[in-house]
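The letters A, B, C and D name the chains in turn, as written, and every chain counts its residues from 1.
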Amino acid sequence: MPRKQIAKFSVQHLQILDENGKLDAKLEPKLSEDELLEIYRWMRLARELDERMLKLQRQGRLGTFPPNTGQEAISIPVALAMQDKDWFVGAFRELGGRLVRGEPLTSTLYYYNGWEEGNILPNKDLRIIPTSVVIGCQVEHAVGLAWASRYKGEDSVAVCFIGDGGTSEGDFHEGLNFASAWKAPVVFIVQNNQWAISMPRQSQTASGTIAQKGIAYDIPCLQIDGNDPLAMHVAITEALDRARKGEGPTLIEAVTYRLMMHTTADDPKKYRSEEEEKVAWKKEPLLRFNKYLKDKGFWDDAKEEPLRGEVKAKVEDAVKEFESPKDWQQDDPFKHVFGTEHAVIAEQHKDFLGNVEREADHG
Amino acid sequence: MPRKQIAKFSVQHLQILDENGKLDAKLEPKLSEDELLEIYRWMRLARELDERMLKLQRQGRLGTFPPNTGQEAISIPVALAMQDKDWFVGAFRELGGRLVRGEPLTSTLYYYNGWEEGNILPNKDLRIIPTSVVIGCQVEHAVGLAWASRYKGEDSVAVCFIGDGGTSEGDFHEGLNFASAWKAPVVFIVQNNQWAISMPRQSQTASGTIAQKGIAYDIPCLQIDGNDPLAMHVAITEALDRARKGEGPTLIEAVTYRLMMHTTADDPKKYRSEEEEKVAWKKEPLLRFNKYLKDKGFWDDAKEEPLRGEVKAKVEDAVKEFESPKDWQQDDPFKHVFGTEHAVIAEQHKDFLGNVEREADHG
Amino acid sequence: MAKLNMVQAINLALHQEMANDKDVIVLGQDVGVDGGVFRLTEGLLEEFGTGRVLDTPLAESAIIGTSIGMALAGLKPVCEMQFSGFSYLMMGQFEAHATRMRARTHGQLTVPMVIRMPFGGGVRALEHHSESREATYAHLPGAKVVTPSGPRNARALLVAAIRDPDPVVFMEPKHSYRAFREEVPDKEEVMPLGKAQVVQEGTELTLVSWGAMMRPTVKAAAQVEKERGTSIEIIDLLTISPLDSDTVVESVTRTGRCVVVQEAPRSFGVSSEITARINDKAFLYLEAPVKRLTGFDVVTPYFGREKSYLPNASRVAHAIEETLNF
Amino acid sequence: MAKLNMVQAINLALHQEMANDKDVIVLGQDVGVDGGVFRLTEGLLEEFGTGRVLDTPLAESAIIGTSIGMALAGLKPVCEMQFSGFSYLMMGQFEAHATRMRARTHGQLTVPMVIRMPFGGGVRALEHHSESREATYAHLPGAKVVTPSGPRNARALLVAAIRDPDPVVFMEPKHSYRAFREEVPDKEEVMPLGKAQVVQEGTELTLVSWGAMMRPTVKAAAQVEKERGTSIEIIDLLTISPLDSDTVVESVTRTGRCVVVQEAPRSFGVSSEITARINDKAFLYLEAPVKRLTGFDVVTPYFGREKSYLPNASRVAHAIEETLNF
């Protein structure tokens, strides 16, 4: 039946460095040796911290946490491309990006060991929003931050991360719609790691790509190989640029794989095959980036060893500091319910201190 | 920069009968004279009831309500194309469709005059879900109903209405995503009447069409002229068919115009021009459908007059019944908090009756 | 000084605070061109422009979510829920982030914002438009909940709410929007949050209420005073959370009797908390049980039955008598 | 008869009810292949197939919204919120439709469904995973709220909840999931909703609690009994709403003293309602104020501080002593 076609859309895919470390030279971004090595160093550090955290957790020295291994090529190039004044709005699987932004290694350790102190930045101006455990909420925060930065004439961009599972939440939709209605300077990055706990990507949503969800709002969208730091660099640079030029939001789907368990409380054997994991490991980002750097003559095994030592030492120092005695008070929560004094809180605070005293007495 | 195109989409528009009543004969559906006249009769009845309700409201004989005038060409052909076993899941601007499904005229009057009795159907099997005032919720109900009907092997479809404004709600997104993930037999119809109270369609969302929001879920989508009952008939027939064949949901954007105020509590002069309204009135559905029927030789002014009398009489009867004395009890709410007995409710029920008695005594 | 109704008084507060502070932003459905469905935000768009008065798309969670983002960036969003009945759609954002950001960062990041919402019954509105659920928000640590009862305190409390460093749910009793006028000074007036107000002193019974219920409450007190000569102290809570029980308790230690009037369903409501606080602190002074005169634990009826379900002066008077006669 | 923990007991109820009634459907995040993040739904997919056990996309509102649709079509969905902390995202659907459909159609349409959700602290979980907010749901007319305290009553109450004609929020104290085992009969066992249970008779003080707090409560009672020889009556609420205050009131009229133990923040919580009900009905029998031993009105701290904030047996014992000494 002849109908009038009134709109046409397409989704593009970008990969520059394939899983074998093979480069599509036509697409290679102009990054200096230093810039490339910086990406690599951060990736190594994030991987090292992640692996160490897993050990700490298994030893009962750390609480439950969501490992980030395999997703380093996403948040790290993103954070490196961002300016200081930009806002970093994470979900909970952006360890590398957080480190790049200047969050101390210890913050993550404190946070996942049950201490609010992990959210307190050395400097508020780092513009990192704490982890958003309640999935999807952060999308709207990013839009609000972006709107505010334009209102204040700051020319800064909010960059927001979410998982493939998170795209099913209503807040994802509402946030993207507001962003495009407001032409807000914001970039949405979906870390499509194929899984939301036990739910595979293809059951999460029936769409062929996540990127095409941008079409619903006329938001420019792009799917990239999320294990390819070069593609990520190109995509984020373009998106930040678009935002800064006042052209509004971008949606980037970064296709990657959650190589480890969802969190340390999870057992992926219940729902996926080791075969699948093995295949995914072959595509992981550090391997291919290492090969690329070697191919370019920027790297060799002789350099790798000291780097490994360096990141190990950094992590070791952080763990030491993490496990050093703290004078953190148990009654802090009473001080931060409100920014003003209230009799009810004051009275309960007194009760609380009474409990503590009594319980100390009784041993 | 050469990127790989991995997906392509388009949005089609369908109009069969244009605003001047001119027919695109190639697209004309095969509807008999009787079927066409049935559509027309229902449209007249809905229009008449709407106009009468407005008068009643202005006279203080009816509460606030959202007029439906101008949108008759959407829910009426839809309801006529549905089977008895299908579910009709409305928002609050589907008066015509509700009447077609068998809801008494009085139901609407009771409902908008503040009586739950307006939700009680003469027969539960009519499969009409009550008005969803909280916008967006109904989308998910429809998906659940559709899933259930497949589970029960009923081969029935849920048809869900929502406004252009409603598409901004998270529940719209979550519902469409569930529908496509489940390939549920459901049809979503967006009554895009250009306004959500004072918010014009183009500020509601930045997308060029509402239809394209289906692309986010790989849900087949179509934009139609919502003032064209023939286009609506074709679109809904196709969508119902797709659902019944197990091919999943469809999203139809029916472009129309809210000719009256949002509700009787609203004053559109605050936010839109009379000029705009005048233009819209020229495109309204009854005018063009009347012309079409006349052109086909199915209708003439001699037939129009008795029809007008007939619908007037029906509405008059309904108003009479509506205003006749009722023995509805003030304490009914106590009987319908739960389906089981509970002491707290029973005790408060007694208190309530005590109040009533005391207040009657005191006059 | 002008005689204003509550709509005008709130509008005045918004105008003045926006003029005072460039960081104050107003957003919500129909708050701009239309001036709000109840006309609370009228004239703001004309005065402050589309840059500061935002007509948002139809999505409650995003209104709060983006406001949280704005607040984190240092702005002070004042957002409107068109009716409290739609506010449950943003409970996730509110609970997870607005109320917690201060605590989870030990004050490094805060969310100063106001969520205005009309609530309560009595205006013959459609379903979902008449509920009274202040307790739902009050039970969330980190949230302040404020309910003015008249034009003057509405204005002064809203100013305080906007200047407060934390998220405030500002619940406007829509039944009182246009019900009466009061003198409202042109000059800035601010009332502290977290403080109840003794609106009438008395010695024999303490009558506590808030929001739209203040009117039948005051009326009932006058009636009983007239009929029996009873001296009744009347307290207007104004802030629901953090609740100023000290004022109530102090009063009850003097009067020995207390009636709390609440529009919301009885169970798990604000009056239960007040009763519990009196029980805690004034137990030995009580000469009768604290009486909760409240709405019923039924699903809010449509407006055809609404009147039968709202507490009214006659029921309040009856509750007072029962408590006096105990 | 087998010794089961609460996870196994709930799993047993689900298995048996699904086998009993083809209309029972289980849905939620990770409830299928994974068997639920706490393993509550383990084995259901294997036994009943993907047609009746649905792993849903990640969207709480849609889980409840589609369940409402299923219930309207005559099914009995039992859905899971992965943690109660995420359930606020579905408050809109729950409040607007699940709790009201019966009332607004005078019973013609109903929404029989169960929303299971783990709640409460004590398991060193991430933020948003440890709150206790039963009062939030309990304040909604038309909603039933149930909190089991042990494997056996969890199983019997869940069966009742599934068979109940109305929406039931079934709040599972996750701290008790694997904390202890009880004999749970293989054969069907059903406990009525809306009934509290006297778990220990006594004459000098009534101790009321529910959910995970039952354990420190019982322990404290034993300790005080041992130390002072006090005879303590212990009541397990089991259903939070509609609240069975008759059982509590009857007990307090005999004992004259009452302590209520609640994990949630104090203000506007369940213990306030219980206090108010006792005030209503047992005022003249009270020899001391009802004592609320509760969580604090602070934002739930992360687990590094959690232990300091949860009521424990020593604090309960202290509250009992204070009340006895009043």
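In this text, a residue touches a chain if its C-beta (ideal position, glycine included) is under 8 Å from a C-beta of that chain, and two chains touch if they have at least 3 such contacts.
All values reported here derive from a predicted model rather than from experimental measurement.
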| item | value |
| --- | --- |
| Comparison of B-C and B-D by number of C-beta pairs in contact, larger one | B-D |
| Chain whose mean Cα position lies farthest from chain C | A |
| Inter-chain centre distance, chain C versus chain D - centres from mean C-alpha coordinates, in Å | 30 |
| Centre-of-Cα separation between chain C and chain B, whole angstrom | 36 |
| Gap in Å, rounded to a whole number, between the CA centres of chain C and chain A | 40 |
| Sequence positions of chain D contacting 2 or more other chains | 57, 59-62, 85-86, 89, 92, 96, 102-104, 127-128, 141-142, 242-243, 267, 297-299, 301-302 |
| Two or more partner chains touched - positions in chain B | 116, 133-134, 168-171, 174, 177, 181, 203-205, 332-333, 336-337, 344-345 |
| Chain A residues touching chain D - in the complex, by the definition given at the top | 63-64, 111-116, 133-136, 165-166, 168-171, 196-199, 203-205, 265-266, 270-271, 328, 330-334, 336-337, 344-345, 348, 351-352, 355-356, 358-359, 362 |
| Sites on chain C touched by chain B in the complex | 29-30, 32-35, 37, 55, 57-62, 85-86, 89, 124-129, 266-267, 296-299, 301-306, 308-309, 314-315, 318 |
| Chain C to chain A touching residues, read off their complex | 25, 51-52, 56-57, 59, 61-62, 64-75, 77, 92-93, 96-97, 101-110, 141-142, 144, 164-166, 193-194, 242-246 |
| Chain D-facing residues of chain C, complex | 60, 85-86, 88-89, 91-92, 94-96, 99-100, 102-104, 127-128, 133, 135-136, 138-139, 141-142, 241-243, 264-265, 267-273, 275-276, 279-280, 283, 286, 288-290, 292, 297-302 |
| Residues of chain B that touch chain D when the two form their complex | 87, 116-117, 119-121, 124, 129-130, 132-134, 137, 139-149, 151-152, 158, 170-171, 174-175, 177-178, 181, 332-333, 335-340, 342-345 |
